[in-house]
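Here's the structure we're looking at; comments come further down.
Chain naming follows the written order as A, B, C and D, and within any one chain the residues start at number 1.
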């Protein structure tokens, strides 16, 4: 990433008002920024405006370090929630996983092939079996087994690791433990979970068993930001695949794996590219 | 349909036992039947065997009218639920509909183009607006408005029409009234409903509103046999389509229409071709 | 459509330059327009910028009839191709069809249910069998049979009908005759064809036979603007559906019908809502 | 895999004749086999019958080693092509790959997690960059660079490795070199290739560039058995994913990766479970 290629990405959400598109575009244009992606949306039901603008920093009239201060007056006048990201920032991911390794392997391989613009310095698991997966790909592995008695203590240790390793994004890659509301609220819009059903169908435990018993003709996977409400957070990505009466719970589990890994990876990529904006309990995805 | 092309279709379900495939195939073969479709499945979870066999009646050694009696001993020895259908039987459909006409138009047009091997002699609605749709396509239209007070009475009149017109299959093509358990139980596996969500998500009223509020990235449609449990019957067909944060409830309704009409038509066709077998609360679909 | 709800939609394409988003947004904002949809894209490969902006005309400072002249200077300074549409304009569609009626029925039913913001005053066919379909839905039907000898003459008659009925959009709803380049060029980006394959696979005749013979596991449908090159015009919408070794050419034809009618209707809707912009041989679709 | 769980799978293809289903089912039943999967199909266009039957060997009356001889008379009388497989046989896979590692990583991870019932003892590449991927997962890595001059020689060395390591299945996991017809014919129905388009569209080089230039709204991937005709062999699995005008060739490449790896893995699994039967240039897939 040379200075020449550096881009800035501005994410905005605020109450809908006239002139928002013009004002932001004009701010970038007046300062000499070349917009390479701009997208916006008004949710008329919620009366919320959300916008993503990405522009080249080469030739931009405001230096990077002054940009927040320069934009603040606009943000204030419209009551904006906003964040600013530069393309040379490499977020740090912690992957939490239990026994099932498909999502973990997939994320680690993407990272090594350069498809994810992030580092994955640590992997945390309540089981031991995926240690070699992590270390082969250069991640530290921490085994933090959990039972009813040790749960609060182990959660505290996870938090400690996240701080110590300066983690920006937590990915629950089939981590089968429920995190406390306090934990989740400490990482707002920064924990992505993959649930193995097309939510809101089959929330909670054993979704494939539920799907088998209900006799559905589609199974699904849902990647969402974790919130205090289990399986209830803002959805980032969902997908489904056909099943039939021939499928057992076991073959649904098997078919579901591909959905889970692809849907989770897609959501992580969208987050890393700053293409998601959460408002209310929804996610705008500018893909 | 000439005698030469006539086929028989046998549907079987029974507890799983050895020799089922061989016995049925041998019955057809020994009597000179040429099998043109055979499919079977054992649901190992439920320990149920289901089978569909279709063969040409030309040159078959047992005349049509003697066939049930000839097969009965086999059925008895394995404890089979079974039914036998001939390809020259044309089932009679009643379509029940409320204000939304897309599924009705679609079914009527398919019928006229010869894509459905069934007649649609009557359309019943609690609204008046689709009368011309029905009569243009040669169906009688009955307007049976429903309110809390008249509901039992009107349901009785619907039943009367179904009997009078010798109806084999009732299609609820976005009929927005809940039928009583007694009504539904009178037509076991003979009422097909289209629900405008990927069940079991968003059962009940206003599924698109629920979907919009939950912020899902997929909407769906489910065609199922109606049972006494609302939106809980055996699923025949499901499909989903992508939505995004740009979609309002209104655009979800609009996109959902195409799903609903295609999914319902698919389920009706599968039923008419005797490709569905209900066991427990599930449907085997031999497509 | 009351004056209060009236919206204007501006479609723009031009060589990519800085300031385009800001300039157009500022034009709308300065004149008091409330933007209800704005989307834009730069095709970096082609160096083309395309934009769609829709705003409410209520309270807009420039009267409808003066709007083109007011925008012209901006268009000139950036070298824009542009068009302007008002939401109370109801385009007039001619449907051309051969023997297969599924797309025709579908479009006519959508029109009657108010799902298409267009009129369908005429249907033209080289066969007679769909006359009642057209007239039941209030369209004039013209039977213009075609053979090698009469083709140029009949094409001239079709053109005559299009002019006489002031047709804005021609929909080839499985019209199995090839129109001459001269005909097609007379309606640039105003003829939509449905081809029954996922183009560019299986262009030309009998795509389902080709698909069956090749043993594909997916069949598709493609809606595109007709150009002088057969099946080569800008694609608006495509979809696919699974098939298997069990499918014959006949069942592929049957399954394909649903794809064709839904894909064609989607493309027609996108065109009518001014959500498509053609540049080069491609289509930007702002859905 | 204990003796108790051992199953036999019989694959049959032959000219269509009466009595095939009954004869094979009766053979298994008479000898005490419990059928756990039976599926068959007649391709009426090609007049070919194909069948897959899987049964438990526990309590089966014919010992494993005598089974081929016991079945041979049936095969002879119907002119069958047939093969017999036991569930404790673990095929050996060689993966051939160039620079792109996503399919390789995916296959290796599936193997390690026990999702593929096969070994992957060797990986062969014309580049060096994926050596660590292979060795981390316990596979030998052979670097056999290819240019116009060395191609025949290197192909001979690949063949040597395949023989030396007793390879049953060759997987071309984005191997960007064209193998000679002689090579391919030496492994009939035993080389699976993933092509990064929905064949027959965009055969040959740079399919994503072709797709970008054509402006398609779907991209695809196709897994097929390699034959002497490039990208022309029997198709096992295909899938597509939506793209839009926003996609560049680069983002199509990126989105396509997920399709490629999932489609290839699916095809490899189907092959390993003996669920594919090739006849003519088509594949019956009993899933």
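In the analysis below, a contact is a pair of C-beta atoms (placed from the backbone, for glycine too) under 8 Å apart; a residue touches a chain by one contact, two chains touch by 3 or more.
As the structure is a prediction and not an experimental result, all values here were calculated from the model.
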Copies chain C and chain B - interface residue numbers shared by over half, same or different: same
Chain of greatest Cα-centre distance to chain A: B
Approximate Å spacing (C-alpha centroids) for the pair chain B, chain C: 35
Distance from the mean Cα position of chain D to that of chain C, given in whole angstrom: 41
Overlap residues in chain B, where contacts from two or more other chains coincide: 44, 246
Touch-based graph of the chains, sorted into line, ring, star, complete or other: complete
Residue numbers on chain D that touch chain B, as the complex places them: 18-19, 21-23, 25-26, 28-30, 32, 34-36, 38-40, 42, 44, 242
Of all residues in chain B, those that touch chain C in their complex: 101-102, 105-106, 109-110, 112-113, 115, 133, 136, 246, 254, 257-258, 262, 265-266, 287
In the complex with chain C, residue positions of chain D that touch it: 41, 43-45, 50, 198-202, 212, 214-218, 220, 234-240, 244-246, 248-249, 280-285
